[in-house]
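Okay, so subunit A shows up in both of these, paired with subunit B first and subunit C after.
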Partner chain A sequence: MRAIDDVSGAAVSEEKLVSAKPLRETRAHTRTSARGAPDWLSFALPLTVAGFFLVLWHLGVRLSGSDLFPTPAEVARGVIELAQRGLLLKYIVASLFRVSWGFALAVMIGVPLGLMLGWYARAFQALNPLIQIFRPISPIAWIPLAILWFGVTDMAPIFLIFLASVFPITVSAIAAVQNMQPVYLRAARNFGLSRGELFRQVILRASLPQIITGIRIALGVAWLVVVAAEMIAVNSGLGYLIIDARNAGKRYDLVVAGMVMIGLIGLMLDLLVRQLEKFDEVRWGYSNR
Partner chain B sequence: MSFGKTLLLAACVILTGITFLHRALNLRAASNDFRVGFLPVTCHLTCPVTDFINKQIAGKSIFDPVRFQGWPELKEAYLSGYTRATFILAPMAIALREQGVPIKIVYLGHREGGDVMVHTDSQIFRTEDLKGKTVAVPGRYANHRLIFYRELKKAGMQLSDVNIVEMPPPDMPAALYSRSVDAITSGEPFPGQTEMDGYGRALYRVKEVWPGFISCVLAVHEDVIKHRRAEVQQLVDGIAKSGKWLDTNMENRMAAAQFVSTLYYNQNPRLLTYVLSQPPDRVKYSQLKPTRPNFEEIEMLAKEAGILKGTAHFEDYVDDSFAPADDVVIAHAYASKEK
Partner chain C sequence: MFDVRCWVFDVCFSIFSLSDSVMSEPAISIRNCSVTFPGQRPGESIDVLQDVSANVATGEFVCLVGPSGCGKSTLLNVVGGFLEATSGEVLVEGQPVRGPDPRRIFVFQENGVFPWLNVQENIAFGLRRRAAAERTQIVAHYTTMVGLTGFEAAYPRELSGGMRQRVEIARALAANPDIIYMDEPFGALDFITRLKMRADLVRIWQSEKKTILFVTHDIEEAVQLADRVLIMSQRPATIQEVVEIDLPRPRDLDSPGYLEKRDQIFRVMGMSLRVGETSGV
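On to the complex of A and B.
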């Protein structure tokens, strides 16, 4: 057992030696300047672009003379108002709660299902058409059914978020197994691994980087559908904030405030998931390319 | 720590933490399992008013008001059994009855309210002037749409003479403001909003062409009528008293504008304050016992518009046994402490 582990590990580290080293160096290069000081441009550039965007937005609203569409300052005041009324934290927590559970369920079901379908060709043949039929159906189309099945509880949006994110995860797991390099399997067979060991120690590890990519995309999708999912009469959440603000008369500042918060949290979620790439178990897959 | 363990630990921490936070911040214990659906519109005002006054007088509510953001969700929550009673468009309730849904109208939500609005500086002064113009109308089951069709016909026009676009009423004020449509029609407060903000002018008010006009009603599930009569009676009585209370004096209306806007509708109180007072009889909340002639007229218009088959009639979809006679309704004995 131990020996097998070492050997599969060795195969990986050998590749790292070949390709990962130069890549790490180039990465390091982008983060620090030639003299080794922190590269201020990596912060300054996106901030400048964002600032430029805000100025354009402000000028656009002012020049068009619209008093319906809010300026960035009005949106900021809207966000502050929400925070003062204690709603901002509540809504963020509510949305994160639904996305966390919907997404966690999708990972728990999507990854094993994808691995299985990627491995057993017959199961793939049987189930793949069904998956491809369900995959393009927008979560919005499921809203009526979600309400009929779950009423107006938290379960309904969780179900919609689950639906939206389970397919990218499943499909990426299937592809990861199907595209695995045959040399790993041959090596594993030579060592006489049992089926369980093969799955845990070779297949799962070999497909992990691609699965993580799928998970990253799926988390984006899960967060993307939060507005649609919260159209259901839940009484909290950032999606709800947007729909509620539409009903609240001329509160387009709150509509845009909801959009801005969704965008910013989406950015943070992505940064969080990218931390996974720091693990060696994942990084070897990236350095391969 | 290994990848798998870190991931598992992180997932557990995040899920437990966020669940705990969500429970603490957002979940409220339902006061009652008798849920009543409503939308944040003026036609459903008696629902939150009843809940609020009950809580003030008795310390607890007799039902749990559930606010929806649109008709489809409100209807589906009713069909799923989540809400036992709901404020709903009269033609929608009748259509559901025709389709075999066990629903009965027990009381009206309001009378009158709703206008056809055009831009203040537009050259539209009569229905005939709408020829070739774009008009935003609400969904097919809205009475405001039916009455608009009737007025077109009265003016000797066809539906094809105007460019009709279906639009959720909350989007209508912005559409009129940006001139993407030439006219809008819906229930309050949306037409009132355009007037308050100074870019909308009433082409006509619905009550001018149909005095006593009804758009939304209170409907309950037949099971509830059979098994929980006392609660239905309490609900209807509460709504009736709230209606009377709203129509008693302007102080009550202004108090309602404040507490409903902030606690139930999440709107700026300015809007409800305007709609409930400018003019004071824009929307009325008395004479709410369902009467046959009103509904026969709705049936006829809806049949003409092709949204009802005409297989359900007054006695099929109305149960007026809970509704008190209009002249014996007394207002809630409640005086608001607000200014």
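On to the complex of A and C.
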């Protein structure tokens, strides 16, 4: 005899057992082998390739007999020299300062603007063509106008970084709202949310994973642009360091030292933004990756 | 003396029966609802619902069954206020439906639990205007009721499909609605989980005394759950037949009474398949 209310409790406890194990483990597989031991190859492999690259670089410079192009060791000495002269920290701070301001402005304007345009179809119709025309213009092309408007001040590169980052952020926010699962909206309407609550508690939250992806792209572009802007529009920063080292005495060891620092800081910025993707509030949006 | 007592008894009786008739105003009254969707080509239109009328009494558990694509969900969306009927109207507690309302909560087929909130935040979603202490207490109560104790801080992506559906049911109950609309809520679950969810839903319904209107294409599910089953026809859908399931609970799925009701509904739907032009089941 099967009574419907009598289906054994085993069903639910089994269901719980299966799912009580959080799915967090899936990501760990990249760093551990199937047996659970630390996968030393995942560290050794990239290190070996990088070491091989440095050796090739060194040999290439030596064999060509170039006295302008630096070896890796000379670049390292260049970094130390910059640090000792106090320029390294100063220029890094200058570049990061500009990126922070331009980027923060882009987030503050791009996210609300994107949410609005994603939600109000008429506003999207009205503004989207303009955005699509401005978007493909490289921020570098704006440098003359930036100098015309802001002179040789921090405002010029900040403006350029803002331009570079605001489009990826806005466009990802628009797409996030437009692609939002309708069931979240229906549930929100059912619970009688006010317009403000709907935006803060549902539309923004549902769009956040995609917005963060846009922010990652934007920060990468912003870091590219700050270097270019500093080469022309200001007298400090890592971009200025590169152009200045070349112009004043053909110090190519310092040029490459500047490039290495740009690469390392860019990597760190990306790792930093990636941490945002690990918050529980947005992890659901990346679950299949 | 005896006469007076009789007279008093009569008056009391009539007062009670009067209040009874006031009480028995249907919770949901669907009146001649038709829904027509625009077709693929301009000028073309698809009649989904045709002159549907039905009532659901307060506290009643009613299942709406019918072949897939017949318009069950469309009807539920009209009743829930998410879709406007082309003609006719729906009265809920005597008032025409103008849109979704927090006093009637929808449980969605595709699971409407918010993935950015954990279990207890989801369950608390309809309690925004309550005091914090009260909110905590209500959330704890319904977390226990749906059997999710120990998972309060888990996020939906860490839960199985059945558990996510439990979260959504708890969220609906916590908002203390008069009516719960359920649109094939167990459709995506495996057989065993589905049986367990039905048993739990009946238990919860018995203790909470909510009115439930439940859409399903699963005839067995309808007979296990409902007080009354409304059988819809093929499109354009009407209510083809109403079957009272006057079986005691917990229901014995092997009893002759259960099998008889089940087969009766099968027959009603089977006949309509033979008459119809396409077999859309």
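Here is the rule we use: the second predicted complex is superposed on the first by the 251 of 289 C-alpha atoms of A that agree within 3 Å, B and C clash if a C-alpha of one lies under 4 Å from a C-alpha of the other, contacts with A are read in each partner's own complex, and residues count from 1 in each chain.
Here is the rule we use: a residue touches a chain if its C-beta (ideal position, glycine included) is under 8 Å from a C-beta of that chain, and two chains touch if they have at least 3 such contacts.
From a predicted model like this one, the values you see are computed outputs, not experimental measurements.
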Considering only the touch criterion stated at the top, classify A:163 as touching first (subunit B), second (subunit C), both, or neither.
neither
Where does A:192 make contact in the superposed view: on subunit B (first), on subunit C (second), on both, or on neither?
second
Quick one: classify A:183 as touching subunit B (first), subunit C (second), both or neither.
second
Scan A:202 for contacts with subunit B and subunit C and give back first, second, both or neither.
second
Partner chain(s) touched by A:227 [first = subunit B, second = subunit C, both, neither]:
neither
Contact-wise, after the overlay, does A:211 reach subunit B, subunit C, both or neither (first, second, both, neither)?
neither
For A:262, is the partner it touches subunit B (first), subunit C (second), both, or none of the two (neither)?
neither
Residues on subunit A touched by both subunit B and subunit C 208, 280-282
Subunit B contact footprint on subunit A (complex, rising order)
66, 68, 89-90, 93-94, 96-97, 100-101, 104, 143-144, 147-149, 151-152, 154, 208, 231-233, 235-236, 240, 243-244, 246-252, 276, 279-282
In their complex, what parts of subunit C are in touch with subunit A?
80, 82, 99-102, 104-106, 108, 110-112, 114-118, 125-126, 128, 147, 150-151, 154-160, 162-163, 175, 192-193, 195-196, 198-199, 202-203, 224, 249-254
Subunit A partner contacts - residues on subunit B that touch it in the complex:
2-3, 6-7, 11, 14-15, 18-19, 21-22, 25-26, 39-40, 66-70, 72-74, 76-77, 79-82, 170-171, 173-174, 177-178, 189, 193, 197, 265-268, 271
Which residues, counting only subunit A, touch subunit C once they are in their complex?
1-7, 11-12, 15-16, 18-20, 22-24, 181, 183-184, 186-187, 189-192, 197, 202, 205-206, 208, 280-285, 287
